[in-house]
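We call the chains A, B and C, going by the order they appear; numbering starts again at 1 in every chain.
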Amino acid sequence: MDQLLISPAPHLHSKDSTRRLMRDVIIALIPSVLVSISFAGLEALLVLSVSVATCVSVEFLITRFLMRRKTTLGDLSAVVTGVILALNLPASSPWWMVLIGAVIAIGVAKMTFGGLGHNLFNPALVGRVFLLISFPVQMTNWTVKNGFFSFGYKTADAVSGATPLGIIKEGLASGMTMEQISELHDFSYLEMLFGKIGGSLGEASALAILAGLVYLLARKVIRPHIPVSVILSAFIFSGVLWLTDPLHYADPVLQLLTGGLLFGAVFMATDYVTSPMSAAGMVIYGVGIGVITILIRVFGSYPEGVSFAILFMNAIVPLLNTYFKPKAYKKEVSRG
Amino acid sequence: MSRTFSVGGIHPDDSKFSMNQAVEEFPIPKRVFISMNQHLGAPAKPIVTKGDTVKVGQTIAEPGGFISAWVHSSVSGTVADVALYPDFLGKKVLTVVIDVTGDEWMPGIDRSPDIKNEITVSPAETIAKIAAAGVVGLGGAAFPTHVKLSPPPGSKAEYLILNGTECEPYLTSDYRLMIEHGQEVLIGGELMRRALGDVRGIIGIEDNKPKAIRYMQQLVENYLGWTVVPLKRRYPQGGEKQLIDAVLKRRVPSFALPISTGAVVQNVGTAFAVYEAVQKNKPLISNILTVTSQDPAIQKNYRFRIGTPVQEFLIASGAMDHEGKLIPAFTKIVNGGPMMGKPVSEPAGPVMKSTSALLLLTEKQARRKEEQNCIRCGKCAQACPMGLEPYLLYRLAMASRAEEMDENRIFDCIECGCCLYSCPAYIPLLDQLRIAKNASLKNKRK
Amino acid sequence: MTSILLYTILTLSLLGAILAVVLYFVAQRFKVTEDPRIDQVAAVLPGANCGACGSAGCRNFAELCVNSETLEKCFCPVGGNAVMQQVAIVLGKQVSEQAPMVAVLRCGGSCDKRTRVNIYDGSKSCKVMDSVYGSDTGCSYGCLGLGDCVAACAFDAIKMDPVTGLPGINEEKCTSCGACVKACPKNILELRPKGPKNRRVYVACASRDKGADTRKVCSAGCIGCKLCVKACPFEAITVTDNLAYIDFNKCRLCRKCVEVCPVHCILEVNFPLKKESIQNE
């Protein structure tokens, strides 16, 4: 009888594991990764590799030598942070900047709090914002050297351009109206769906992001509450603004398809550790992100607001968890 | 559109491999161990001593309190001992050990296979006969049925719900009972329905058992006041609170009994035992259990005599050799279903009145994976059918913060296991919550 | 440029000064008068806030000492007699010496003496294992070895011995606060007096099984033979439910029981090796 296992019920377990969930997130990120490599070429590959390698190494070193515990790399969360951080950076990021970002993301934002599950803020976003504030020039250099696919759009060796949001911000600040701006620049929705606009690696193709969203929902990795509430609230809020003054506000579809809003809604706001636990909390969280993003984009001094919006709402999450509990089995209606 | 309960739940694989195995009579062992602790409430008190001869159906123990039950011999033979013997968990309990000779039954017990339709007893007589026959809830909890059928003053029954959901994976004993003895189950249900004051009768069956649903629907056509309600296949559809929610859309308040919503829930196995007790004068001395596993050769349903040692079943099905060692394929024996069953650490221990299954698990199925950090995914809270937050309660339990656990309704936990099942980080949630919950209830009783 | 500097310095200094005055008045208005002796007593207490004294923390205990007539019912096990003496001096009250206690494990069922009969795979906590079933050995009274006591100790005084599988208590660090005693679900940790020269004798077994059954599962288990009872000249030993127990108030450390115990389950701690046993080797 010495091989009999004894443990209390339940004796079965679902197939879910942290590793499996992280693996599914990586799979959902693959379309965005492929798009970024095809449009930004080897530069994108460099940024991705440096980011993932550094994230993994930092976590390994800290876990084994500082915390003296068994390594936790098997749960693949460091890889996910690495990929998401990379997709938040411009293709032209120098390797040392990516390295610093990854060290901050894993070392400061994740491990100082105690490792996976203990961090308050989204690690990849902390890394990205740290780089944005420390190296503003490099972080807004959107030059893209020749990628692998041209789709006939390019005739020069490199395309240097600000992101659409940056163009809009500058234009509006200098007194132009939206019509004038869009006459000067070609803001094609189609281009935004498929990529080939300036921006961070992951902001390129909305379609790739949506493919990832569909996969995550189908595999039951995430629930629709956060992505839907972020997207809807941003759409509605920017729509209301646009309706009041179409000349001086970008239309909501443009707002949705540019910048990191879609990517943030699908991959960063849905991070388990830093998002609320109940459906009601998730909706409020999503609405907060959507509204704050548009506020920063329109009224703030930065052209892009998703990172700050998500970090801000991350800080509110513990409050949301305290006051918005999951649906309970409670005696609601009196019988008879 | 099948009904279901409204909060939480999970979808484990059905694994109802033994669904089409007709119930076989399990051979009577040479020795039975009848525990005095087979029901909820006070242990029974033996009224036989070493050396007495007993027949099948003879009373061998009387109730030890108000919530207690009579116990009868399931075999004929001689009482070998009345002492402390280990149960299947290794805990020593007072047991009546009987050496078997032959299969002589007490006179007055109707052993014929004819189904007795006619009900000639009054409600009071029904309940008295149920009590005298030692019938307890055969859904697993083993609560004395005659107590459940007598609502406390201030509560009134409106519905009798027969629980034919069998929501635990692997288990098929209730299914086979409905297929093979549906008529008797319904007569037993009818007896209980009348005893409760002519209330409405409902039979809840999960929709993964279409044959049983159809058959019971056919049978209830001959009875007034009965409906069959198909329910979605979901765990824990058969939990009392969830079943009442699914069928009646009523919720049981914390600390209250289900009768406070007007519903009395009984397992179909209990209904069958009621039929035998009242119509056939047969006390509760046997039941049906499923011996099951992933191995196609070990998937059977047996009618057994109470007190048969667990290892008898395992040896007979080939899962154990004659020295009492499990074959290498399996590493865990579970008494009951995989979600709420208890682990067997002493296979010489006996099966009880309400044992519904013996499940054999392989190393791959049974061995728990290493615990990792909570990733705050919330899957446990999504799965909890009582709408609790297991991740939060676990943290509070580890820090021994009893007051905050009470604020978060730890006492509402039904120990279904959905939380531990869903946790991707393999955190042993229910292990700690169970202890915290029992401590909380103990405190409240003070 | 200088004007900006000047203005900044002036503004901030003025702000600082105003706030300082406001804070001073607020502090005075909301001052709580406390007996200054509470602070003095709290200063000599260990500050572990372990609750062993029965109060909610060291400060509460200090309050209790100050407000009580005598220090009879006040004792800090962690600080011991030394600290209580200091408290007595501060308050000018009398305090009586109490025998220092130490935690003791009443189980000798190490891995070599008690074999595992199944594998426990649940949550690694003694409390959980105890709630599931008797034990992964045949003895349902003995140590489960999963370390709830180690986790409960705030003074790093108890550690799991990897060889024996039992917890070992460091008597220098042990403050007899009682946390491990409360944490053990089998109730086999006991607070006993450290004894003169730190010597003590106790029965290292808690099994109430009949002798024959105990013997089957553990070679160091008490079989309830009562030889120790007969041997003790001070009537300090009683056997109830097949288990011997030494009353530490009556025990005089003569160790006759240790000699006669056939299973060697009575332990003597911190005694020099006996001359006879050395000669016999």
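One rule holds for everything that comes next: a contact is a pair of C-beta atoms (placed from the backbone, for glycine too) under 8 Å apart; a residue touches a chain by one contact, two chains touch by 3 or more.
Predicted model, so just to flag it, every value in this text is computed and none were measured.
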Farthest chain relative to subunit B (centres taken as mean CA coordinates): A
Chain whose Cα mean lies nearest the overall Cα mean: B
Best-connected chain pair, where connection means C-beta pairs in contact: A-B
Rounded Å distance, subunit A centre to subunit C centre (Cα mean): 51
Length of the line joining the C-alpha centres of subunit A and subunit B, rounded to whole Å: 49
Between subunit C and subunit B, distance of the C-alpha-averaged centres to the nearest whole Å: 43
Residues of subunit A whose C-beta touches two or more other chains: 1, 3-8
Residues within subunit B bordering two or more other chains: 342-343, 345, 366-368, 431, 434
Shared-contact residues (touching 2 or more other chains) in subunit C: 117-118, 121-123, 128, 131-133, 136
Residues of subunit C defined as touching subunit A within the complex: 116-123, 128, 131-133, 136
Residues of subunit A that touch subunit C when the two form their complex: 1-8
Subunit A residues within the subunit B interface of the complex: 1, 3-14, 16-18, 20-21, 72, 75, 77, 115-118, 272-273, 275, 277-278, 325-333, 335
Interface residues, subunit B side, partner subunit A - complex: 6-8, 10, 12, 169, 241, 245, 250-254, 261-262, 324-326, 328, 331-334, 336, 338-345, 347, 359, 361, 363, 365-369, 372-379, 381-382, 384-389, 391, 409, 412, 415, 417, 420-426, 430-431, 434
Residue numbers on subunit B that touch subunit C, as the complex places them: 89-92, 342-343, 345, 366-368, 428, 431-432, 434-435, 438
